[in-house]
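As structure tokens, here come the structures.
Look for chain A in each of the two complexes below; its partner is chain B in the first and chain C in the second.
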Partner chain A sequence: MTTTGDVQAPSARTTPGGPRQRRRSSGVGRVSAPVALLWLTPAILLIVGVVVFPAIMLFRASRSEYSITGLYKGAAGWDNYTKVLSYPDLPVVLKNTVVWVVAVVAITIVLSLALAQLLVKDFPGRRFVRWAVIVPWAASLVITSQLFVLLYDDNYGLVNHVLLKLHVISTPISFLGDDRFTMASMVVVGVFVSLPFTIFVFIAGLNAIPDDVMEAAEVDGASPWQRWRQITFPLLRPAMLIATVLNTIYVFNSFPIIYTLNDRNPGFGHDTLITFMYKLAFKSQEKDVGMSAATGIINVAIILVVVLVYLKLVNWREETSR
Partner chain B sequence: MPLGPEESQGEFSMWLFNNGGDWKTDGTWSINSDKNVETLTFMKKLAAAGLTQSNPARTNRADAFDLFKSGKAGMVVGFSPLAGDLDKDGTVKYAVAPFPSNDGSESKTFGVTDYLMAFKKKGNQDAVKAFYELYYSKDQINTFIEKEGFLPVTTSGVEYFQKDDKLKVYLDTLPNARLTPTDDPTWDKVKLAVQQNLGGGITGDPKATLDKLQKSAEAGG
Partner chain C sequence: MTKVRRPRLVAFTAAVVGLVFLAPYLVMVLDSFRTSTDVKTTPPSFLPRVWQFDTYLTVVTDGRFPHWLLTSLIVSLGATAVVIVVAIPAAFMTARHRFPGRGAFLLVVLITQMFAPTSLVVGLYRQFFELNMINTYGALIITNAAFNLAFAIWILHGFFSSIPLEVEEAAALDGVGRVGMLRRIMLPLTLPGLVTAVIFTFIAAWNEYVVALTLMIDDDKKPLTVGFRSYVTGYEQNWDQLFAASVIAVVPVVILFALIEKHLVGGLTAGSVK
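After this line comes the complex of A and B, so read on.
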């Protein structure tokens, strides 16, 4: 079994006697309501200021009418919602959103599982590889996207250059301008930037699996595949849950990748709900802040429903009460 | 030939003006006029024949300029700041020529407009008038234009800049400058619709694309 060296028993430091008794009597993790409130005030203020208040303003904006220069022109009732829901390009945008989220999250999870499995093993240069894995996470999304725009370029992009030199293709592919490749090209970038976080969630999950369970399985004669399938995988469920839910939210809300890689394409052919929302307010002929706000509300509702359904499906309560 | 969402209305304007078309004729929208359909069909033909960069319907202006700057495109519909960049880089040899017109008439150039706005208040009119007189006085406007690398809009300005050989081609076409209908408030929306949809006329049907734009312009954008 692998020994990582950083496995220490934290309980070894507590000495039996006085301290433990005192802690038990005061009740670990319990404070009175006023004290709790005092500590929570900054956080509550922050949440009210940057989450609740803007949410209320967004809802108000979604029920208002604005001129194309953004001037408030009065209440609009639910008009903005009907206009968005009957928008001719909405079906395409919804389809793009589903493809984008499902493809990026699924591919990310599968690749991350494999890579995390490799990165928990001890090998020369592991430290370097782990650092290298973090880099896409640390770089700004716009910079990463812009780099991929250059890589994908059909005139001077590296990808086409390599493919041409290897005689895989005879003419350059317009990865971002050709409808057949645009979404796939964006998904690659989406996966690339989602990998680091997901890999580290899985590394943490793998490290949390007790060695003795593995040893017991080995003694019982379980094959490597059986050990992975019947021990590692079930014990990774909490990590899997976190990775899936958080990635779904991040990927759904991802703006820079799609906006940067898709900026040459007219119309809404490759937009997801997030860039659709932006374009409604600033780029489309509607140029309507109200419709954009309504889309924002719809987006929040969609992601909430999706996450709740997912948590329901995987028995969230059972998992977290473990 | 950049017809991507960044500035496709500008690119198309230059082609359609030089084919005798216009966005509006006698006060009504003429986006889908025969001349304009002919223009866009011609552009589609150029693209289909492979005479343009790949994917003209999905190229933004800045990217098209980069192609020319790096020597990948042999011809580009540019403007004076691009020439400034090219002189600075010094990587490609180039010459400036006026846009050819289909019927052999004098070349029409595309003028970009910006607004100077003032509030409608009593007494303001005199102030605005005084400002304009100062702004367009020879010394003021010519210095401003020279520093910014723009082109003159006054007759005296055109004379003043004759001294600069590099600007000669631009100056000769200036009297024939044509503008987009920026004085129509609907244009702001029509422009956005054109930017987002014109490329569809290169990949799809030019007439259908222009018909749709015409309909949305008539409906008030």
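After this line comes the complex of A and C, so read on.
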């Protein structure tokens, strides 16, 4: 018997709802809070030991006033938040963040679905193609970003060189300097490095679909589209959940791509919240650690809301609590 | 899974896909054979104008590179080990048991993943400075472990949940305790999940940059990602060395992946149990 992940669609089980019912009534697995705590202690210690203190520091910094050289000058209440929220460039930064996250996550998910379907097929040389697909993930993001800065360059970049040779364009495009192209050029890199992770999540999800289900549908005369829509897609939901949630968090917090590719442009015209946050503290005329920290907190709050809404939409609780 | 109707077409399309993914890195490999000034010339050329093969030797024998490679290996392997040891009991407990605060725990774990490392570096520096742990592998290992714990717990949680209750009941009837259950029954059944968590944590730690940049100040203690910075600075621009070092840095990850790929696939969201 083949069983599937914790967030698997109920229809995937041989007896829909069965295991869930039995699990509820069974005595196995009910433990008291202290016993559970014992098993969770290492994880809690690690999180408290590493993440909690810096997170508290971040929050405290967001409510403090700092000099331009980073010296603490006293409590500031919610001033930093008001300053960030009324900052003239904030609307542009928020718009960029939305475009960046939605474009990268959506394009990545759609392309990964198609590519994963291709890479689960049995063909000669499949292993090598899979190794090739892993490379953008295995390479350092900083280096990949640097590499794309060179590729995109309007003087010595190969992208322009090829487009010119093919007569697609007549003059070189400044992919990273021209406002019309900057965000799109960054999204291409974002998608490129996000694809491997998502493709492999989907390959695993596709492999988890029992062959007999597909064969039965084929015997019943279901068209390829019907089979995909009614069997593959619903059964991919757990993979989709993991891929979307983690990708969204990573892409929200993605720093090197935007920071490196957007390096030469002044102001905040192409920044997302993360690079905006960094520049507030270190690069802009503000040099304000407090405002930067407030932006960091606002960023976490936004991600939290987005992820919670998503989990609510896909009924995460119902699917995990068995 | 499904039978392939046109194997040649599929193989050809897949080969093109593979090439697209490799293309920028093939440019990187070619750049590593150029002279540093050839990397930025107008018009660009696909092949190096002069092939320079000794860059790799220069990089490897430079005295700093072996230290950086060692740090990267120690930190990535250490963080991976910590994540596995810490995530297994937590995932097993949340997946196979019910207790008050279970859902809350899983959510809090996910929230820790939402803090951008960039926003936490100031606090991390303060914390490890007070603990006298700046420039130590330990600091970087536990930080990387903490940042990747959420992923490992969520993935392993999925695998543990997928094991049929009957397996557990049968073992319980035979008098197997909770630890024995985990060690002898659950872990062997969730090997693909473990492998998945291993490769994800390893890659994340291998490529981590911001925290290492902040905590590792000694040149000898830097990992590769941070060490790379010294090839191209305001004073010297050794693009050839930067790209040669980057090519070398990808190799351990691809080897690791090649070794465990067959366990990874089939296991990201589901553990197959016969």
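The criterion applied here is as follows: the second predicted complex is superposed on the first by the 278 of 322 C-alpha atoms of A that agree within 3 Å, B and C clash if a C-alpha of one lies under 4 Å from a C-alpha of the other, contacts with A are read in each partner's own complex, and residues count from 1 in each chain.
Criterion: contacts are C-beta pairs under 8 Å (C-beta built on N, C-alpha and C of every residue); 3 or more make two chains touch, one makes a residue touch a chain.
None of these values were measured; they are calculated from a predicted model.
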{"item": "Which of chain B and chain C A:Pro124 touches, first, second, both or neither", "value": "second"}
{"item": "Touched partner set for A:Asp212, first chain B, second chain C, both or neither", "value": "neither"}
{"item": "Touched partner set for A:Asp220, first chain B, second chain C, both or neither", "value": "neither"}
{"item": "Contacts of A:Asp263 with chain B and chain C, given as first, second, both or neither", "value": "first"}
{"item": "Which of chain B and chain C A:Asp178 touches, first, second, both or neither", "value": "first"}
{"item": "Which of chain B and chain C A:Ser284 touches, first, second, both or neither", "value": "first"}
{"item": "Partner chain(s) touched by A:Asn155 [first = chain B, second = chain C, both, neither]", "value": "both"}
{"item": "Chain touching more of chain A, residue-wise (chain B, chain C)", "value": "C"}
{"item": "Chain A positions touched by chain B in one structure and by chain C in the second", "value": "155-156"}
{"item": "Chain A - residues contacting chain B, complex", "value": "68, 154-156, 172, 174, 176-178, 263-267, 279, 283-287"}
{"item": "Touching residues (chain side chain A, partner chain C) in the complex", "value": "1-8, 19, 22-23, 26, 28-33, 35-36, 39-40, 42-43, 46-47, 49-51, 53-58, 61, 115, 118-144, 146-148, 150-151, 153, 155-158, 161, 192, 195-196, 200-201, 203-209, 211, 214, 238-239, 242, 245-246, 249, 252-253, 255-256, 274, 277-278, 289, 292-293, 296, 299-300, 303-304, 307, 317, 320-322"}
{"item": "Residue numbers on chain C that touch chain A, as the complex places them", "value": "1-2, 4, 7, 10-11, 13-15, 17-19, 21-22, 24-25, 27-28, 31, 39-44, 46, 82, 85-87, 89-90, 92-103, 105-106, 108-124, 126-127, 142-143, 145-147, 149, 151, 153-155, 157-165, 168-169, 172, 196, 203, 206-207, 209-210, 224-225, 228, 242, 246, 249-250, 253-254, 257-258, 261, 264-274"}
{"item": "Touch list for chain B against partner chain A, complex", "value": "3-6, 8, 53-55, 57-60, 63, 67, 70, 72, 188-190, 192-193, 195-200, 216, 221"}
